[in-house]
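Two complexes follow with chain A in common, the first pairing it with chain B and the second with chain C.
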Partner chain A sequence: MINRNLVKALRYRYVLLAVGLILLAGGLVLLPKQEKHKGITSAELLSNAISPERYMSTDEIAHKIVNQDPSILLIDVRDSLNYQKYSLPNALNIPLPKLLDDNSMTFLNQDQYEVVFFSNDNFDADKAWIISNRLGFKNIHVLKGGLNSWFKTIINPTMPEENMPANAFEQYRFRKAASMYFGVVYPESVIQQSTEQKKVPKKVITVKKKKKSTPEGGC
Partner chain B sequence: MGPLIPNDLIPFEWNLVIAIIIGIAFGYILESSGFSSSRKLAGVFYGYDFAVLKVFFTAALVSVIGIFYMDYLGYVDFSMLYVHPFYLWGALIGGAIMGVGFVAGGFCPGTSLCAVAIGKIDAMIYVIGIMIGVFIFSEFYSFFEPIYDGYFYGNITLTESLNISPYWFILFFTIFGIIAFALSDMVRKKVKKVFY
Partner chain C sequence: MKELEKTKRISIAAVFSILLVIIALLSYKKPKNLYTITTKTALEMLLDKNIAVNVDILNDTTIVPIDIRSQYDYEKGYIQNAIHMEAAEVLSNENIEILEKIKANNKMAVLYGNNPEGVIAPYAVLIQMGYNNLKILKVENSYHQNQLITKNVDLEKSIIDIPKFIKGSAKNANIKPKSNTHKAPKKVITIKKSKKNKPEGGC
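Moving on, here comes the complex of A and B:
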């Protein structure tokens, strides 16, 4: 008895399969559509956002500018008024609202340059970084502390106190030399000006190179 | 989540191993469903056996519906899947040549290897024919190159180029497939049966 029923049902097996396929395909049409987000997943974005890897210090940037590193692309995300008042040398101006324009995409969506965002502090630059990171762009960095920190550390470095470690003095010397490169004039350098004025920018390069070459030789 | 290898859920090195396993399974299913018989394959052209049409159409339907459901549920990222590049004239001419070969020889390249595995002599000759074809193509590559590389339209899909909703397209494709199954069954009943 059971067998006969089964045979009867199985006579329609192809019809049933066909109906099943059509129902499944129709289900796809009827499903509520959801917007798919582009770029990386939210979990990845979160883990990237927490990590401080994106930050570059002002010293690093100063070093790269002084050495005329061709691989960095400085991007000022403040509005154009502030940009015209002051910005880092050779920086491009892409205000935050214009970040997703087609013109700015050519600078952001590439893998040849190290893009460094900066603003007055790092908040606006962080916003720009979050957006570009979510879209999956590579090599995007943020200047830690922004231009405020740039002024505090590079343009107007504070002299270390006598009881501070030696590398604080070294850092100060580097920062002072860098600030000279960016056009700050110190009273003591004015006196030397008459003898050799052009030595200043060159000195900067040699100082840093010495630092670099010692570990290289060790290896 | 998926695709598994591009997302590094399975290391890249497993690529070939998985390919071999899938290939063996594919060959086994081809053989066990009778696709290593040239008469069964050629039957679709003469109207006495539509197994080829049914199997490949069903495979396409099941996979396309499955992939879209998995994409919807987030198991597979549809945009990361490989889309075959479209060379217009290369595809047309190549398809025509392959079609002639299919009718004349009774195999497509995959099933011919399957039939070689079970020792069919016609399939062996067919594979030698493929080798000769490959040899001729390679020797005259510079002559064929403009067609082979030209008329390139990118890695496009039908829904992208026609700009229609993929979901509606799948539904119509499914209905079309099922009509094709029904029609082919009607044709098969009218055509004189061939025993092979």
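Moving on, here comes the complex of A and C:
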């Protein structure tokens, strides 16, 4: 009697097992959608975002531009109107709303260049950095203080006071030279240049005419 | 008899595989602090200019100020009724509980630090986790005679017209301004002219 019932139940064993597996597979549908959780974890993002490592100083950027460092890719995240008015030399314009466009991705999702975001201060550039960091893009930096700091330190550097350390004067000399590179003209440098130009005597280079060589051989 | 043994083995294998899946499901731990929005939505939210508010908003007593500065700064002085939540610790269980409570009570919280730039990082992380009841206080905090001084600041405002300044400097020096774009010098490739061989011999 027992054997008959058991045999009857065992008849449906494969069906039951198949149903069980299908139900478990259905559980995959309940798993959270990947799209929303794309990128590094929130804890990682917070720890990266709080660290000041992403910032590059205006002096560092000026140094790289002056030396025509080919590894740097400057990205202005302001709107095109502000970009056209003034931007850093050779900077690209990717306005913040277009940050995730396919065209922008080619510049951001790579590891050959050091990308530096900048805006007027670093509020908008930080936003761009946070989104890029969540997506796991490498070598992304932010210009500390943005163009406002660029103006204060590079374009119009303030002269250190007399009681300041020697490296402050050295830094000022570099910044002043950099500001001249970026187009700022100092009256004293113009006077110096003109006086220097007068002093230098013209070099006279005499060019000796080559004598025509007589043809050799022949009859 | 052989067939019966074969079917037994198949059944045992199937039962074991189901058990394995059940154990895996039971031991699965849901990761904490998941994002609830995509990067695209997060960017749209960050583009909203209303994310930063003036200090006047604190006149509304339902607003909860959250101080994200260091413990030391907080103890020196803070905005009235502010909750301390150090920037690096905003995702701790305790702080998440507080944020959940504020959200459940339909209250708005404003994050503030020494300046708005210091607040953008924890703010951006929290909004991506679904805390859309947060704002940034557009203030700069400093101390004067051990008293907290809070003043409004403008964000992303250009302090000066740089091209005008450069042109002005050139005008002062009475010379034409140089453009700020420096083109890379053209590479000149010199090609050596091959010397004509002297005619040798011949009639």
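Some notes on this structure:
Operating definition for what follows: the second predicted complex is superposed on the first by the 161 of 219 C-alpha atoms of A that agree within 3 Å, B and C clash if a C-alpha of one lies under 4 Å from a C-alpha of the other, contacts with A are read in each partner's own complex, and residues count from 1 in each chain.
Just so it is clear, a contact is a pair of C-beta atoms (placed from the backbone, for glycine too) under 8 Å apart; a residue touches a chain by one contact, two chains touch by 3 or more.
All of these numbers come straight from a predicted model, not from anything done at the bench.
Using the contact criterion defined above for the overlaid structures, shared-chain residue A:Phe182 touches chain C, although it does not reach chain B. In the superposed model, A:Ser119 lies in contact with chain C only, and not with chain B.
In the overlay built on the shared chain, the residue A:Thr158 is in contact with neither chain B nor chain C. Contact with chain C, but none with chain B, is seen for A:Arg13 once the two complexes are overlaid on the shared chain.
Residue contacts after overlaying the shared chain place A:Asn109 against neither chain B nor chain C. Touch counts on chain A: comparing chain C and chain B, the chain ahead is C.
By the document's definition of touching, of the two partners only chain B reaches A:Ile22; chain C does not. In the superposition on chain A, A:Ser80 makes contact with neither chain B nor chain C. Common to the chain B-facing and chain C-facing surfaces of chain A are residues 21, 24. Residues 14, 18, 21-22, 24-26, 28-29, 31, 34 of chain A are the ones touching chain B in the complex. For chain A in complex with chain C, the touching residues are 13, 17, 20-21, 24, 27, 32, 35-39, 41-43, 45-47, 49-50, 68, 78, 82, 85-86, 89-90, 96-97, 99-100, 119-124, 126-127, 130-131, 134-135, 147-148, 150-152, 155-156, 181-187, 189-190, 213, 215-219. Looking at the complex, you find that chain B touches chain A at residues 61-62, 65, 68-69, 72, 165, 167-168, 170-171, 173-175, 177-178, 181. Against chain A, the residues of chain C that register as touching in their complex are 11, 14-15, 17-18, 21-22, 25, 31-40, 42-43, 46-47, 87-88, 90-91, 116-117, 120-122, 124-125, 128-129, 155-163, 165-166, 169-170, 172-175, 177-182, 184, 198-203.
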